[in-house]
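Input: structures, listed below.
First chain A sits with chain B, and in the next complex the same chain sits with chain C.
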Partner chain A sequence: MRGILSDRVGAALLMAPLLLFLILAYAWPFLGVVKWSFTLPTPGLGQYHALLTDDLVQSVFIRTLRIAAIVTVVSVTAAYAITVVWVRGSPVQRVLAEFCILVPFWISVLTRAFGWVALLSNRGLINTWLQSIGFISEPLTLVRNEFGVVVGMSHFLIPFAVFPLASAMRSLDERVLLAARGLGSSRMRTFWTVFVPMTRSGIIGSALITFVFSLGFFVTPAILGGGRSVMIAELIYLRIFQSPDWGLGAAISVVLVVFVGALMALLFRYVKPKELV
Partner chain B sequence: MQQPGRAAEIKANGIGKSFGSFRALDNLSLDIGRGEFLTLLGPSGSGKTTFLMILAGFVQPSEGKLFSDGVDITNRPAEQRAAGMVFQGYALFPHMSVEQNIAFPLKVRKKSAAEIKQRVGEMIERVGLKGHEKKLPAQLSGGQQQRVALARALVFEPGVLLLDEPFSALDKSLRGQMQAEMKRLHQETGTTFVFVTHDQSEALALSSRVAIFNHGKLLQVGRPDEVYDRPANRFVAEFLGEINMLPVKGVRPADNGATGLCEDRAVNMRCKAEAIKGDAILAIRPEDMSIAPEASVNENGIAATAVASTYLGAATKLDLTTRQGAKVTVSVPNEVAAAALSKGNSVWLTWPAEKGFLLPDGGQ
Partner chain C sequence: MPTYRPGPVSLILAVLVALFLLMPLLAVIPVSLTPSRMLTMPTGELSLRHYRSLIEDPRWLDSILLSLRIGIVSSILSTALALTFSLGVWMFQPRFTAALVGFVLLPMVVPPVVSAVTLYFLLTSVSGLTSFFGYDTWLGVAMAHSVMTVPFATVLILVSLSQLDRRIDLAARGLGATVWERATRVIMPNIKFGIVTAALLSFVLSWEEIGVTLFITSVNAITLPRLMWMGLRDNIDPAIAALSVILILITVLVLAVRSVVTRQRAAKV
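Up next, the complex of A and B:
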């Protein structure tokens, strides 16, 4: 009993700094934001009412959901392919895949966004190259639109989408795959009818994490969207820092947090936290 | 591997397998007859599972050839061999219902929906899973999962059914029940069964022939009574059940077999002594020895002292020590054991000449 007790106390002590930090730096200020949303500029539900009627806010919400959905599909699909190689490839392939997954974590999100600008802009590498081989005559608009935002965000989120998938693929019983092949199923068929369905929890976890991350993206859409493809986080920023409309910015923040919270609750109904790492 | 519904005949020719420097299987040649129930028996790491995986096509042999009905299938991939296989732990598809699991090999073979429905229905009935069709594997007991695995492996009428320790996860009573059921399925389907186990009693009870493996080598193949009563070497003798080993000196051929000196008394053996001369080991199963009141010239026998007894219900196991210090175990009726222990522990051990067999001294 003593052992268990002291273990618990020890665990609580180890967790305490993080918990304290979250309360002081996140929960407490957020309560302030909640307060603003009900009190600025006048007390009441005015800002939430505005939120429901303001066309701009609604279009940004819809765009954010659309981009997040596209980014999720792109990221999870790409991550699935990389993870298959990482978990089940030859030793050399594994090292290569690991490199591709880990290196992006070392490069700042800002650097990566500007990197994509350099690649995708009208006089960027891709357009220059396509023109030089005569494939196109006019540069393609690859950036400062939703396409650029999707590319940049997917690039950022793929490594995060990998981990839940890897965890699901690692816990899969190899013999079940052998059984499928032994029963006459080709590799392709085994992949689609056995392997993919058996990694379902990983796919759900990966998709929800990517989707939730996408909703709050700020830097990447701001740079690659070029102001034409504003997402919700950028809208909050604009409301609070550029137009003195703190109440509306706060209300949007509260709605975003509640929405994300609901998605997380949904996630943990289907997937155990330990399956995600 | 062959047309459906027809039992396969398999021939392994000089099969070897190395994993790096580890020799998992060495120069194995074995004929598996049509419709036979062959058990691959051995301790873990003996090569029996490696051989099964080579038969299934999941492992490629380093050398040797494999033939099915006379056709070389050494390089044929597993999905084209299509041997039915039951894995340790069953390896059912966790996301598919009982019905879908059993239908899987038929769907792969692009059978019509009507045929699939009919054959799956028959199979479910045959293995006694009626009423469980829509359940997922996780909702079934171990024995029921086992039945699904068997049904899935047999539904497409494979020429050979491979079973990798299928009963290892079941408790004892369920094991007996499943063994009986498997024997019945073997008779009903007529398919060639190749069964891997490390449980010798299971092997003896189920199979038409037993192949005994150790350290990657096939040591002996034969009917259960052949390998039990006439083991080729010491390992086989000991692996198949408890056995007493007594040193014999001066073995030489004699009428009807061989003769030699055991504990300074002449003993007769009914086995041939051509291969073994001089010093050897005389091996006798505990149930083949009995306790006699006194020495008899016409019978094999040695003096021994009872040191301990274990009551087993139907019989008593008696541990004894011979004059020269060899340890012997016999299985005798309870009252015989009680009598032996009551009269000062000194007894006379006898055995019929045809029950003892000779093994080379010291060697395997």
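Up next, the complex of A and C:
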């Protein structure tokens, strides 16, 4: 009896600090944000009504979904190409691929966005080079628009898209591939009709992770969009700090959480959490 | 034994992706060497003035020191919280473990901007109570960073605990060790590597945190990413390029050391 009691007390004592910390510093203030969305500036559902009718908010939501969809397709495709080599390449190819995936992964989002500014801006590397070889006379507009945002976000998300794909490619049975080749199927055909279908769970996981991440993205769109391609996260920031409209900012946050929660639930219906790492 | 290797088309595509991934990291190198005060490509002569200004300009130095302090404090806090929680989960396997772990992981899965609004609400609410802990204070930022990094630390420690053999703990228990002795003398020495990794990751995540920091600081607690952000939004300061080059070099160095260490560990086993 004493043993059971002290076990419970021990577990409670060890787990309590973190749980208390997160309840006080995270769960309670989140409820406060939910309260804001119903009470500021006036009590009621006014902010949620505004979400459905405000043209600006609507256009930002649609742009966010569009950019997230494009970024998902670009990132998953690019990630697939490099993951094939990371998982199935020769030892040297593997080391090189791993280097190209992990170095950007560990570099901060700001540095990476800045790298794209250095490449794409009017006096950046690409425009300077194209002008010096006389290919163009006026600099191309490559940042402060949706193109820059898609490029920067895809660059950020490719390493995240790699991990579920790598997990799927590692676990498949190589003998099936060799059998297909041995029976005379071409490289291309083996890839499209055997390899890709066998990595389906990885593709779904990778796409949903990329999509969910892109929905709440703040830093990269704010820097590479230059205030012109505003996405949901930046709109929340603007509503809270520039036009102080805390109620609307809070309401958009609540909608974003609900939407992302629904997508995650969808994700875990198709993919086990273990397959994602 | 034959193996299935990627063909030439796969290799070409992978090289293109690899170039895409490395390009922006390489692009900052020439920009950091420009003699101009503006963000331009150097034409002809190169200069190290932007590297010098990182040391000489007190704004950069102050924010580097502030980021170090916040990173260390928040890393200690989140590693300690993650460690005690994970020990509780592993040693006692209480009911509702899955739900409790899920709750702890929330700050990792909720969109960062929503966490930022949440922490902004928290810190502006407590600002009225004290002057040193709240909105735009370094302690407030350190606490907010702990909220954001503690899920990552918990995952790392739980993973290294899951690879631990339960029988050593059972043996210690059977020999009469108390909970404290089992935790500090038996379990923790065996997951040292996981604890250190968790602390390092927490530090790195805090060191480069910007999404939440933007919401909870204004003029006093200017961390390094916050200062970079201000320099990126207005007139782009090439000192950011110099700083980026240094940060990229550190990352490459650390990854290289890590891969050597893991290879040596693997060779030993």
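The definition used in the following text is that the second predicted complex is superposed on the first by the 251 of 277 C-alpha atoms of A that agree within 3 Å, B and C clash if a C-alpha of one lies under 4 Å from a C-alpha of the other, contacts with A are read in each partner's own complex, and residues count from 1 in each chain.
One rule holds in what follows: contacts are C-beta pairs under 8 Å (C-beta built on N, C-alpha and C of every residue); 3 or more make two chains touch, one makes a residue touch a chain.
A quick note: this is a predicted structure, and the numbers were derived from the prediction, not measured.
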Touching partner for A:Leu208 - first (chain B), second (chain C), both, neither: neither
Partner chain in contact with A:Leu51 - chain B first, chain C second, else both or neither: neither
Which of chain B and chain C A:Ser185 touches, first, second, both or neither: first
First (chain B), second (chain C), both or neither touched by A:Leu40: neither
Partner touching more residues of chain A, whether chain B or chain C: C
Touching partner for A:Pro197 - first (chain B), second (chain C), both, neither: first
First (chain B), second (chain C), both or neither touched by A:Ile240: second
Touching partner for A:Val219 - first (chain B), second (chain C), both, neither: second
Partner chain(s) touched by A:Val150 [first = chain B, second = chain C, both, neither]: neither
Chain B and chain C contact sites that coincide on chain A, given as residue numbers: 178, 181, 187
Residue ranges of chain B touching chain A (in the complex, touch as defined): 56-58, 77-85, 87-89, 91-95, 104-105, 108-109, 152-153, 156
Residues of chain A defined as touching chain B within the complex: 173, 175-176, 178-187, 189, 193-194, 197-198, 200
Residues of chain C touching chain A in the complex: 2-7, 9-11, 13-14, 16-18, 20-25, 27-28, 30-31, 38-41, 80-82, 84-85, 87-89, 91-92, 94, 100, 103-104, 106-107, 109-122, 125, 143-144, 146-147, 150, 154, 179, 183, 204, 208, 210-211, 214-215, 225, 228-229, 232-233, 236, 240-241, 244, 247-248, 251-252, 254-255
Residue ranges of chain A touching chain C (in the complex, touch as defined): 6-8, 10-15, 17-19, 21-22, 25-30, 32-33, 36, 78-79, 81-82, 84-85, 88-90, 93, 96-97, 99-104, 106-119, 121, 123-125, 128, 155, 158-159, 174, 177-178, 181, 187-188, 191, 212, 215-216, 218-219, 223, 232-233, 236-237, 240-241, 249-250, 253, 256-257, 260, 264
